[in-house]
Each structure stands twice: as C-alpha cells, then as structure tokens.
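Heads up: the structure comes next, in structure tokens.
Order of writing sets the chain letters: A, B, C and D. Residues in each chain are counted from 1.
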Amino acid sequence: MTVAPVVDVGSPMLEIDGLTKRYSGLVALSNYALDLRPGSIHGVIGPNGAGKTTLFNLLSGMVRPTSGTIRLFGVDMTNSPAHDVARAGVARTFQNIRLFGDMSALDNVKVAVQQRLPIGLAQSLLSTPAFRRREHEITERARETLERLGLAAVASRPASSLPYGDQRRLEIARAVATEPKILLLDEPNAGMNPTETADLLDLIRRLRDDLDLTIILVAHDIPLVMNLCDRIQVLNYGELIADGDPAMVRNNPDVITAYLGQASHA
Amino acid sequence: MRVLQMARPTLIVLLAASAALALLQLSGLAFWQGLAINFAIFVILVQALNLASGFTGVFSLGHIGFMAIGAYTSAILTLPLATKAEYLPNLPVWLEGVHLDMTVGPVPVGFVAATLIAGALVMVIAGLVGAVLMRLSGHFVAVATLGFLVIVRVVLFNADDITRGSRTFSNVAPYTNLWWAWGWAAIAIYMAWRLKFSGYGRAMFAQKGDRWAARSIGISILRPRLVAFVAGAFLSAVAGSLYAHFITSFSPTVFYFDLTFRVITMLVVGGMGSVSGAVIGTAIVLALAEALRRIEGATLLYGLGGILLAVFFIAVIIFRPSGILGQREIDLEQLVAWRPRRGRRRGPGSATPD
Amino acid sequence: MDVYLIQQIVNALSAGSLYALMAVGLALIFGILRLINFAHGDVMMVAAYIAAFSLFAGLPLPVAIVTMIAGTVLIGLAMERIAYRPIRGGPEVAMLLTSFAVGQILQNGTLLVTRLASQPVQIAFPTPDVLSGVVAIGAVTIPRVNVIGFGSGVIILAGVMLFLTRTRTGLSMHAAADDLPAAQLVGIRVNWVVAAAFALSAALASVAGLLYASQAGQINPFLGFSPVLKAFIAAVIGGFGSISGAVVGAYALGFLEVIPTALGGIADILPPGAVSPEIHDLLATVFPSALGSYRDAIVFVFLILMLLFRPNGILGGRAREDTP
Amino acid sequence: MLELTGVHVAYGNIRALQGISIRVGAGELVALIGSNGAGKSTTLKAISGLLRPSAGRIEFEGRDISRASTDVIVGLGISHCPEGRRVFGRLTVRENLLLGGITRPIAEVRSDIERVTTLFPRLGERMTQLGGTLSGGEQQMLAIGRALMSRPRLLILDEPSLGLAPMMVERIFEVIDDLKRGGLTMLLVEQNVHHALDSADRAYVLESGLITLEGPADVLRRNPQVEHSYLGR
C-alpha cells in the first residue's frame, strides 16, 4: 500500500455525521458517517440499491439530505447547492456517463477549467487582450489535462463520438480540471474489461499522487476496491455494515452474509 | 500585425456588405430596400432567440413581448413635443416632456438614445422575469414565457393612456434605414458570436448539454441562462425600436404568436445554437415567405403560404432536426478565401465528427 | 346581488366545462407522449367550422354534430400519424414546435377553405335553436348554451372517466401514460393506444368547439389560441397529465376567471349605502373597473406561480426530487 | 426455443452488443451474468423488441423475431419482466394484472388472474391497492405475476432481486424455482450471481458486449475467473 501524501489543512477534510436520506418512506441512506483522511483512496461498496449513488448525490450537493451534516474543511456544506460544492473543491463523475455530448473533448474540459479562471462579460464581448490571454491559458490547461488522461489525440472530437473507455476518462479529466481537493468516482470501471480496469487502477493512483487528491470511490467490482483502497465502507440497504481496511472488511461476517456470499458457497 | 491579419476576413466581409448596402441605397429600388431592412430586423430577432434559446436550450416564446416593449418605448420617447400633447394627452407627467427627436447633423441621436433606453428598460424587465422563469425547464418554460407574451399583450391593449390601446400607434418618425438596420444586425451577430466563443457561451452550451454535469463542475444553471435571456431581450428591444421606426404605425396585434412562430422557424431551420446558421435560416425563410406571399397574391389562395411554410418546418424537424448547420459555424476566413475546409471554427457544441 | 352572484357562478361552471373538455384532451396526450399539443385549440376551431358549414348546408343538428365529430377525429388521427409519430420520444421542445406548425396548418387551411367557399374570414355561427336564447330560473336569466354546456360537459366527462377506468383500451392509455416502455412490454399496442388517445382528444375538442362557437356567435380561424392556453392552465392547476386533475383544474380556472370580472368595479355595483364611503373608495382602488380586462394577464401570472411553486398541481403532492 | 446469432445493438455511437450468440432450450433456466454496463439488459430488450439489433438474428421457436414489434413478440409467447419492476404505479393490482393479459381473450383473463393469485396469495389480498403503494417485494411479485398473465412460454426476468431485502430475495427465488419445476422456460439476468447459478441450468458471462464464457451453471461456479470477478473470492 502506498503511503498517503499528507495534506496540511487546519480542519478535517470531510466530516459527515448522521447523514440520512429518505424518499417517500423509503430509506436510501441511513445514519452514514465518515471522517475522510487526506490523500487516501476511500472505497464504498455494496449491492445495487444499497445507497451508494445516493451517498454521492448527497456529497456533491445534488440532493438534499433528510438529516445529518456534511462539513468540508470545517465549513458546513449540508445544504449547499451542487455548484457551490464543486467550487469548494469536490468534483465527481457519474455512473452513467454524463458528458456534454455535442461539445468537443477539449471544450468539455475547458468549461471546467474556466471555473478557476473567470473573466468579465464585457471583456468577453469586446474580446480584449486580457480576455484572449485568459482563453489561451484556459486552452493550455485543458490540453494539459487531456494529455494527463491520455486523451490529447481526441481533443477536437465531439465527446459523444468517443469510445466508451475514452468517455469514462474524459469525465475524469473534466472533474480534475476543476482542481478539486476531493474526487468522487462513481463506478469508474463500469463496462470495462479486466485489462481496461487494470489501466484505470494505475491512472487513479497516479492522479491521486500527482494532483494531491483524496478520492472516494463507489464501485461494484470488489477486486478493484480491495486492490485500490486504503479504507472500505460497506453499505447494505442504506446502512453502514462495515468500515475498515480491506483485510478487515473481507473477513467481516456481516459483509460475507450480505454481499460477498454465504459461507455455504465457499 | 497579427491582430490585423486575424481581423482581415471580418474586414473584407464588412466592406463587401457596406458596398452592397451603398449600391442598394443608390439603386432606389424601394421594394428591395424594404426587404433588406426587414431581413436585418429578423436577423436581430433570430439572434436574440438564438442567444436565449439556441445557446441554452431553454425555450423562450416571450421575446416578441420584449420586442413589443422596445417598439412602444422607442416610439413614445421619440414623439416630438407638439404631436405628443395632442396624440397621447393622458401620458404620465414624467413622460410628457420627453422628446428624443433631436438630430446632430445627419445623425438622429434621439433615435439612438431612445433605442438604447428601450433596450435598457427591457433588460431590467427581462432580468426580473428571467430570474423567476429560468428556474423552469423543458416545455414548461416555453409555456410560461408564452404567458409573459400574453401578459404584455393584455397590458399593451389596456394601457390606453400610454399605448393608445388597441388603436394603431402611428406618427412614428421613419428613422430606420438600411444603415441603422444593418448596423444593429452586425452588432447582434457580433454579440452572439463573441458570447458563443467565450466562457459564458461554453457555460450556456454545457448546461444545455447536461444540467447535472454542469453543476458538478461549478456552473450554476441560473446564471448563464439569465445572461442569455437578458442579452436576447436587449436585442429584441432593439429590433422592436428599428421596426417601429421602419413601419411607422403598428398596434399590439403585430407582436404576437405569428411573429414568434416565424422567428422560431428561422432559427430552427438555420440550426439552434449556430450564429451563422441563424442568418442563413433567416434568409431562407424570409425568401420562402416572400415567394409564397407572391404566389398567394397571384392565385388568391390565401392561407396556402402559411400551410407550405409550416409543412416545410415540420419536414425540417423530422428530417433534419438540428437544422442546416446544427450548432456548427461557417468561418468567415473560409468564406472569404474559399480555402478547403481546414480551419472550420470550433466552439461549444460545434464539433463535427471526424 | 344574489342574481349577480348566481350568474357569475353559472358563468364559471359553463366556462369550466368548456375548459375541462379541452384540458382532458390535452392531459391525455401529454400523459402518454409528454407532448403539449398546442394544435389542440385549432382542432377545436376546425370543429366549429365543420359544424358551421354542415349547418349552412342544411344538415339537421344531430347529423351536423356527427359530421363534426367524425371530421375532427380524422384530423386528430392524421396529425398524429403524419406529424407526431415520426418524432415520438424526441426532445420535448421539438414536439411542442411541431404542434405549433400543425396549428398553423389548421389555421391557414381553414382560411384557405373559407376563401374557396367565398366566405369572409370571420363568419357568424349559425347557432342551433337548442343552444340559443336564455333560461329563466326565478329572477335569474342564464344563456341556455351555458346551461347545456355545463350539463353536457359533466355527462361527457363522466363517460370519459368510465371509459378510461373500465375498458381495456382506457386502462391501456393509463398504463402508457404511467410507463410507456412497460406498457409496451406487457404487449399493449402503443401505436394503437396513442391513435385512440388522439381520436378521443379530438372528439372532446369538437364538442368544446360547438359550445364555444354557440357562445361566441362568431368564428374565425384564430379562435383556438386562447382556449388551448386556458386548457393548458387548467391542466397545470390540476397537475399536468392527470385526467381527473385536469377536470378539477378546469372548473377551478372557471371560477378563478370570474373573480377579476366580478370584483372589478364591484364598488360601483354595490347598492348605495351598503358599505361606508371609505370602504367604497378602498374597493374602487383595489378592484378598479378595468380589472376585468386584465383577466388573462392575471390568470397567466397565476399560471407562472403554479409552475414555480406547485408544479404538481393543487391536488398533487410535493414534486419528486430530481436526481441525476 | 430461443436463439440469438451474432446480435449487435448500438445506441448512437456506443456499441452495446458486439455480436453475441445465446441459446435457450425448452424448459431450461439460463442465466446471463456480467458487471454493470456489460450489455445484459440490452440483450433482453433486443429479444423483446424494445431495441432493434443492427445486425444478427433472433429466433423464437424457429421464427425470426428480430424485426417484430413488442406486442407481436408478447403474443408469440415471450414475456419480459423488466428491471426495476416497472409496475403501473397509478393503477390497481387488478388493473396491472388485467393489462398483463392484454394479448389474451378477455374471457380467459379472469381465470388467469386467479391462477396468478394462487401463486402469489399476497397479491390476492391487495387487488384494489395501487401498484405504487406496494412494498418492493410485492411489486416484484406483481411484476412477475403481470408477466405471467400473457401465458408466456419463455419468461425473461431482469434483475428480479434488485433492491429487495434478503428474505424477499429468497422468496423470489423460490418462485423462480417453482416456475421452473412447472416447466416454464426462463432467461434470467441477475447480479446476485450465487443465487442465479444455484437456480440456473446454464449460464453465459457477458463482458463489454461480448460473451466471454458459457457453460453449465455448476461448472461456471467453479471457474476461477467467475469466482474472482463475480463471487468476490
């Protein structure tokens, strides 16, 4: 296991307490808690419908919790809208890829980069030198990001025309282009074969090290999570049933019953 | 030097267009001059809708309402004092003394000021209306903005003291000529173009492409929508002012659904989200409508033109749903130099499959 | 005062029936296809013209009504097959725009036909005797068309409700509106169900057209614009897509509409001395007599408020939270 | 009974299925396993006519159904119980069942409803309740019951245990085993691979739109790759 780079922040990175989400009676997530360690890769696993995607929607501000708190670097973000959460340094990808399909790969990333490099409306309308410098800078950074993700060759192609694997990586590129502190990856290897998954594993580690990211990963694929994560939480019917390092989770009897399979199958 | 080189194709096109306008002016062909002014006004309206809807995917049916407000505002502001007292005797006091009918040399500065004031007023209204309506999406925003159009119409009909109600508003000075119309059209095209190829345009196209993904990278949905809505409203008001001073007499009935639908047809045919497409779509639909009008006149089959235009529109939606250009653009450089397609201008949503 | 009140109530109920006939058709199509069929008002307009021309031709009223319904149903089926089916499941806005174009075709087509028949653009509607005149109930006189409009509206709507809940075709429409792919999976012939919904919707609009024309006395090719907007508002009030909601919304709108008319200038209608002069002045300021002419604007402000705060209608619960 | 040969399906630019071949014999229970996005649901939708294959052939009892519409396919005897249950939430249980038998003569539907309520007594108790108010397990029973109303010879089940409590999962699989004993042919997509392989006769493994493994269920269960990827060993 690689040693996590230490990020020096005064207050804890992400503290979640008692997070609960109900949909008309149905409990999607119940009493979830997390204290995220900077620089770690944190895995959340569980069967479909266990509340993993709900958790991500809550973390990224796309859904309001029924109760509980989310604190980011000591600031209460529980009811902040998604775009504020993103600006505060939380980026995400989606289980079912969500790209700006008609826009080129480069523009998909530029629109994320520009959030950190704003320029006034009047400057834009008049195309002032300052505006052009900004645009140049935005384009350069977007190209760098594409290169980092191995997508430089497809920069000018419309996102929707890219092969599946490239689309997955473009989504990650767009997310890291917002210069996040925390990156949420929702089933990043869905639909990938084992070779592609192995490449993705390397990529995620590299991104974490190069960009000082802390990563939360939701996945279905148990081997991937076991391989990659420092700490794993297991959700089942919205409840946290295990929380610990991979070895501990693997041998947790509750987890084996609920998810990995009954002992009788051994 | 580099800047000059980059601006060259634009310059060439501007010069060519000016020369064409000058020729048309000298020719004295009143019909064609009128058509050219109409064309320019429609170009502004279509760019306005392009900004508000084509860039953002939020369908506005209310922009003709902004045009109406622009037309009435500019017409009232430019009335000479003498006419005003007699023509609109019940105007509120603060409006009674206003008469932006002055000229400096050949330039009707009063007209320019009235147009800008109309634009500013409409921007304020659009800001308020937009802040409320831009939260809706899909067809609900379409119907809500249509509601705005109905509200404007009801108010115009009933505010007798200011608008003369259902009676024709005439006595408007004929300031609009080829140069004003096309000058503003050029500004509208430029505005749309600059916005599209800036961060603002990218944000607009991004939230159109995927609302959730846009929010996930820090774009608030409301802001780009509102910028587009208000900018479109400004252009609509300008078109209204130009229209008022071109046609010189009008009533609230003009600014309603038929005109709204005509503008939509032009935009959809050209390609929603394409600045150059909007101009092409305007030209095609205007030419088609004019030809059909003549056929109607000759055959006395009134209604046939409307049917054929609507059939054409449905055919476009079924067979070429993204219009002639989609969200792509025709590059001026390419147009002028007639080079092989190399540097096709790329922008948000304008990528072409390789 | 009592007479005035009763008249306003009857007006509200009669307008409500008309809106309900229109709104149910709109909600039916919207529920299944997510299409706001803007041409619905023009279908109603065409029905009025078919009725007018049939009566001009001297057909007896029942035959004219059958002709009218058959003609509009055919038009409804044709527009579904030609214009809407090719873009079914496409973007909402594309479907809405198509319906605008269909409306334009119907309007201009009617214009063309009236021209060819050497009729003026606006024609007097040959209101049949049963629908003209007034009914006197005590001191109150009410236009007969309003009474018949309300009564027939209630009967027809009850019939539609029975059809939708008691027949397999009706249930299939519900199922298709609930979950179109699932409806397909159980073996429902979706094309057939959609066509049936358009036919039913057109038939309802045609009855509304007859009532509308009889009330207005005059018809022109552009009369459908306002009723379709009203039907839309009614459907929004009731919670869009819900059939029973559309009916409730329509009657609610009927009452909502008479309020500005009834309150506008109420100060002048009150018998002298009924209220103190201060209250009289207050009423005159808050409810000026011009209020009634702003009716449509007021109704649309209400629509926008509904869309913002109660998008599921007055009966619907809180909007389901949108998730990525 | 059912035979897919070289079936391709694409959504726009994304090729969801890249030439898969699957065979289901009469009376068999065949499971289709694979990770999310591998193309399992796409396969099922192609069979029931919700999606059109861009290439390849789908035959049911010797008849080419790759171009047939869904209602025709249901009429031929294939019933598809979709993922996420998809019961008609605003219709009652009875109405849901009634619509399940829409391809059948109305006279027989009534007795068929009785047959289904014998299989699922819980549904019998809730006939007038709206589909949307049922619990997840009841909805799944209703979805299966509705699918059975068309008297299928082949039943397609897409993730029947998704989001259900463990007890209910057991119950659903008991029902599946019952149906199998009754001679019904079934094609099952299930992420609970243990259960799926327990009940199935044969299975296919689908990855990125391609069949990567196939064989008898008990052989596949001991396959190291399956153990590693799907059983979490």
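Just so we're on the same page, a residue touches a chain if its C-beta (ideal position, glycine included) is under 8 Å from a C-beta of that chain, and two chains touch if they have at least 3 such contacts.
Bear in mind that the values here come from a model prediction, so they are computed numbers and not experimental data.
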(request) Look at the interfaces C-D and A-C and say which one is made up of more C-beta pairs in contact. (result) C-D
(request) Taking each chain's centre as the mean of its C-alpha atoms, give the chain farthest from subunit D. (result) B
(message) As a quick test, compute the distance in whole Å between the mean CA positions of subunit A and subunit B.
(response) 42
(message) On a C-alpha centroid basis, what's the spacing between subunit A and subunit C, in Å?
(response) 49
(request) Calculate how many whole Å lie between the centre of subunit B and the centre of subunit D, each centre taken as the average of the chain's C-alpha atoms. (result) 54
(request) Indicate the residues of subunit A shared as contacts by at least two other chains. (result) 62, 94, 98, 161
(request) Scan subunit D for residues touching two or more other chains and write them down. (result) none
(request) Could you list the positions in subunit C whose residues touch two or more of the other chains? (result) 324
(request) Sort out which chains touch which and give me every pair. (result) A-B, A-C, A-D, B-C, C-D
(request) Name, in rising order, each residue of subunit C that touches subunit A in their complex. (result) 320-321, 323-324
(message) Can you tell me which positions in subunit A touch subunit C when the two form their complex?
(response) 23-24, 57, 62-64, 94, 98
(message) Quick check on the complex: what are the subunit C residues that touch subunit D?
(response) 168, 171-172, 174-175, 178-179, 181-190
(request) Please name which positions on subunit A make contact with subunit B in the complex. (result) 60-62, 81-84, 86-87, 91-92, 94, 98-104, 107-108, 110-112, 114-115, 118-119, 121, 124-127, 131, 134-135, 138, 156-159, 161, 174-175, 177-178
(request) Please name which positions on subunit B make contact with subunit C in the complex. (result) 57, 59, 132-133, 135-136, 138-140, 142-144, 146-148, 150-151, 154-155, 157-158, 212, 257, 261, 264-265, 268, 300-307, 309-311, 313-314, 317-318, 321
